[in-house]
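Paired with subunit B in one complex and with subunit C in the other, subunit A is shared by the two complexes that follow.
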Partner chain A sequence: MNAPRMVGFVLGGLVAVAALLAPLVLSGSQLTIYVLLGTAAMVTVGVSLLMGYAGQVSLGQAAFYAIGGYTAGLMGVHGLPTVAGLVCAPLVAGLLAALVGIPIMRLRGHYLAFATLAFQLILLSVVGQLEVLGGDIGLQGIPRLGIGSAQLSNTQSYAWLTWAATALVLLIARNVITSRAGRGLRALATSEIAAESSGVPVARYKLAVFALSAAFAGLAGGIYAFFLGYIAPGSFPVLLSFEFVVMAVVGGLGTIWGPVVGAAVITVLVQVLNSLGTEPGMPPYASSVFSYAVYALLLVLTLLFLPRGLLPTATEWVRRALRGREPPAAGDRPAAAVPTGDASGSPAR
Partner chain B sequence: MSAFLTYLITGLALGCSFALVASGFVAIHRVTGVVNFAQGTFAVVAGLMAGSLLGRGLPHGLAEILAILLAGAVGLVVGVIAIGKRGTPPLASLVITLGLGILAYAVEIIIWGDQPISFQMVPGSVDIAGAPILRQYLVVIAVALVTFAGLGLFFGRSYLGKALTACASNPYAARLAGINVMRMGLLAFALGGLLGGLAGVLVTPLQPVAFDSDVALATNGFAAAIFGGLNRPGLALVGGLVLGVAEAFVAGYLSGSYQTEVALALMLAIMIWRASRRVSVAEEPA
Partner chain C sequence: MLDVRQVSRSFGGVFAVRDVTLSVADGELRGIIGPNGAGKSTLFNLVSGHLQPDGGTVRYRGARLERRSPHRRARDGIAIVFQGARIFRRMTAVENVMVGAHGHTRCGFVAGALRLPGQHREERAIRDRAWEALEQVGLTAWAHREAESLPLGQQRQLQVARALCGEPRLLLLDEPASGLRAAEREALAALVAELHAGGLTMLLIEHDVGFVTRLADRVTVLDLGEVIAEGTPEEIGRDERVITAYLGDGAGGDRRA
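For the complex of A and B:
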């Protein structure tokens, strides 16, 4: 293990331990932000896998977040064991993604982006009309997560649950990327034809990573539903899907920790500006204006000036600072922010 | 029968407005290869601007033209940011336009507030074969037809239009022929802005426009544009009309709440159908 990797390893461990201990000192509302940050990070890891490794853009990831939330919520409301709900949330989301993915993963580039967006709009509209799912009013009175009579009742325990789930998601993502399948994914992001001819089952891998990213979103949605106890179609707007993309791009696509950095930076920044926007003397629209501006400016500036994202750029600086003694590690160069492979979508005229 | 005619003409007018948004997508994609997610924003900006100018007492005509010009300027700004930096891949440009669409939310809320705005352009209705039709619908249809005829002439007959098309089909060869590809791209964005603005000005009297109306406008416009593979204005018009009429009939005979699903499902079906027809070798970018 060379020096920069060692630094990364130690830093990652420190962040993990700090995040594990943080719920002990955070206040109630800060814990809520912690949970929301964690769930956003889980979804974003999936988006980053999809965009950075498989070269596919999804603008409808909040749909799978919603599916997870509704699965867990519906099972909870009908008196089924809540743990079963939490387990089913990612499974149902992943399964539905696999089904939907069979036709739509044949699309690429901007066609896929619009198709996923359309999928979310259809889903929201359907959910809003289904009485079983509470229609536009949503599902209320979702019970707390627990086994038998032991319940996770305080916010702190949800923070730890989120920590554990995020760790699980990161571990799975890491193992997928370093496996043979992960190399196949990176290959198909660069050129599907080259990958196909080298024996990578392109269609199957794309579908699998789409389903996996949906499962991550579903797990996050399940936790979200049990944590808040209330979900409605309005909890999962299209803008939420865009936010996940922003977090993934800002943090750095094609890295494991990038999505966590992106989710953390954006969630904290939006919260700070939110409290600034609700100060007395601010116009009533200030906080929504601030959050739109933060998302938009971070996204545009990152894409133009740090196309690889915050984390890879920062790592590069550290690497440069430590270099001189050893050559740079060539093995794990992260991909460019938005893969150029399928960029033009369809030059077929 | 008169209900049928009302739905048909309403649908055609709706379709024409989709087609105008679609023509903006086409103008930009044709030349730059970028799908502009801020296309709905242009329409929203023009609609809001026209509303507030008319509110200040500007006469009809002038207010609308100023609003459309503003949308054109916004289009140019979006273009400069999205493609102005050399070597930005088209998919990155797409995400940038998405970001600019969100940034526009912030600006629009500051200037116009977050409530929907509407205004009257051509009030009243006329009877056509016993069916009452809002005059505004007829205006939308007429303007759309004139615009599409103009676009056809522009791309097919004028030197500038041919230069724009050349950039789309082979940027390298276009550069060799002395065409400034970057300038043409920016021109396309400005044109897309004007077309989007035109759509916005025409639609606002029919359905109030708020800062977040852009998603609905853009998805419908995109759905119409993919009929022609995002490259052919004529097919985008056909796409818009089919979509508009389908939506109007679904809303009229079934239920208004299924309108969006129908449009989106139709769009998905067409995209998947087109994808299955394409020769996969031709897709790999050079």
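For the complex of A and C:
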């Protein structure tokens, strides 16, 4: 393992351990932020898979967050085992994504963005009309998550559940991306024709990554529903979908950990500004104006100054700081790197 | 191996390929020449599956191909090197080549996500095969560079390596030597000859007629979407129609605009 990767490994481990221990010291309201941050990170990992690696846009990711939430909530309200609800949340979200994806994922670029956005709008209005889902008022009295008689009743345990789920999502995302399937996804992002002629079933792969990203959102939605005990169409506004995209872009598209960084930065900033906005003397609209402004400003600043996002930029700094003390990255196979016999063969340094 | 019969394809009423019939035997190296816009690349796209024919049949190893998707054809052993540099940007050279193995490898999303046994072994086999392919085209020194950062000639060689990594039975090469320096061109000719000796069936489009006639068993000449001649390189060099339509006086000249 070379030095930059080592540093990344150690840093990632430290962050994971710190996040695991944090619930021990955080206050009640801070724990709530922790859970919301974690669920946002899970959804954003999916957005990053979809946008950063596979090159497909979704402006409707909150729809799958909602589907997960409603699946878990509905099953809980009807007395089904809550664990089953938590398991079904990602499954139902993934399955529905696979279904709507059949027509939608044929679209590209702006058309795909609008179609996913439209899907969310349609879903929200349908949910608002459906009596079984509580209509516009929403689903209330969702039980707490539990196995048998043991219940997750305190906020701390939800924080740990969130930690575990986020870790699972990150692990799956990393495993997929570094596998043959992930290579196919990254390939089709830049040339569908070449990917197809290399044997990548492009249409099926796009559906699969759409479903996988929806499943991540669905899992997050399930946790969210059990945690708050109440969900309504208003909990999943279109702005939330934009928020996930902004988090992914700010953290760094096409990275595994970028979404976590983006989710953390934005969630914390929004919270800070929220409390600023509710200080005495501030106008009543201050906090909502602040949070909108944060998305817009962060997005613009990132695109202008750190187009690759926070994490890749920081990684590059570390790499540069370490350069010189490290021989150039050796190949992962001890192949004799002899260029073809003429002058043009050797790579420019 | 490949049997194209009476195949036509038009764009907006204009025929790009018209009633083309072409039969390539196992292990044959068939050269395809013709002026710009003759329909050579269109013919390749009809074989690789990126275009559907308006009429006619394409048979590959005895079976009809027309309804088969491009990725199925890739899995069945048809590989193509495109005329332009169609590489996977933001992936390293070796990763680009590894994608070429997609058709004949199995591990999907579930196997990857859960790191099922076997996925590691397959991954290593793909990587080894990709390195071999990079060695064949002489690109190992570039393996860990982003494909996009390679010079155009090397990007084209990368496509050849990617195609070879798929262990094809039928290889379609669309002007693989364009953009290469003289020495690289020679290395490519040697590689093509070696693959030919190894029994690989190939179709080779080239503007450099000398390059084709030197390597090919037989040559098909296209003009305005139609086959105007077919035969051994010697026969083609003597053919009146070919000389007037394409070769001109200085045979071997590059008529590119």
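Please note the rule applied: the second predicted complex is superposed on the first by the 324 of 349 C-alpha atoms of A that agree within 3 Å, B and C clash if a C-alpha of one lies under 4 Å from a C-alpha of the other, contacts with A are read in each partner's own complex, and residues count from 1 in each chain.
Just so we're on the same page, a contact is a pair of C-beta atoms (placed from the backbone, for glycine too) under 8 Å apart; a residue touches a chain by one contact, two chains touch by 3 or more.
The shown structure was predicted, so the numbers you read here are calculated from the model rather than taken from an experiment.
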Q. After lining up the shared chain so the two structures overlap, which partner does A:Thr313 touch, if you call subunit B first and subunit C second: first, second, both or neither?
A. neither
Q: Identify the partner contact of A:Leu121: answer first if only subunit B is touched, second if only subunit C is, both if each is, neither if none is.
A: first
Q | Touched partner set for A:Arg106, first subunit B, second subunit C, both or neither | A | first
Q. Which partner does A:Gln30 reach: the first (subunit B), the second (subunit C), both, or neither?
A. neither
(Q) Looking at A:Gly184 after the superposition, I want to know if it touches subunit B, subunit C, both of them or none. Which is it: first, second, both, neither? (A) second
Q) In the superposed model, does subunit B or subunit C contact more residues of subunit A? A) B
Q.
Looking at A:Ala293 after the superposition, I want to know if it touches subunit B, subunit C, both of them or none. Which is it: first, second, both, neither?
A. first
Q: Please work out whether A:Ile193 is in contact with subunit B alone, subunit C alone, both, or neither, and reply first, second, both or neither.
A: both
Q: Using the superposition on chain A described above, determine whether A:Leu303 touches subunit B (first), subunit C (second), both, or neither.
A: first
Q. Touching A:Asn274 in the superposition: subunit B (first), subunit C (second), both, neither?
A. neither
Q: Using the superposition described at the top, list the residues of subunit A that contact subunit B and also contact subunit C.
A: 191, 193, 336-347
Q) Taking the complex as given, what residues does subunit C use to touch subunit A? A) 48-50, 69-71, 73-75, 79-80, 82, 86-91, 95-96, 98-105, 107-109, 111-115, 119, 122-123, 126-128, 131, 135, 138, 140-145, 153, 159, 162, 166, 181, 183-184, 187
Q: Spell out the residues on subunit B that touch subunit A in their complex, using ranges where they run on.
A: 33, 35, 81, 85, 88-92, 94-96, 98-103, 105-106, 109-110, 113-114, 169, 215, 219, 222, 226, 229-231, 257, 260-261, 264-265, 267-268, 271-272, 275-276, 278-285
Q: Within their complex, state which residues of subunit A touch subunit C.
A: 172, 175-176, 178-184, 186-187, 189-191, 193-202, 208, 212, 254, 329, 331-333, 335-347
Q | Of all residues in subunit A, those that touch subunit B in their complex | A | 57, 59, 103-104, 106-111, 113-115, 117-119, 121-122, 125-126, 129, 191-193, 238-239, 242, 245-246, 249, 285, 288-290, 292-293, 295-297, 299-300, 303-304, 307, 336-349
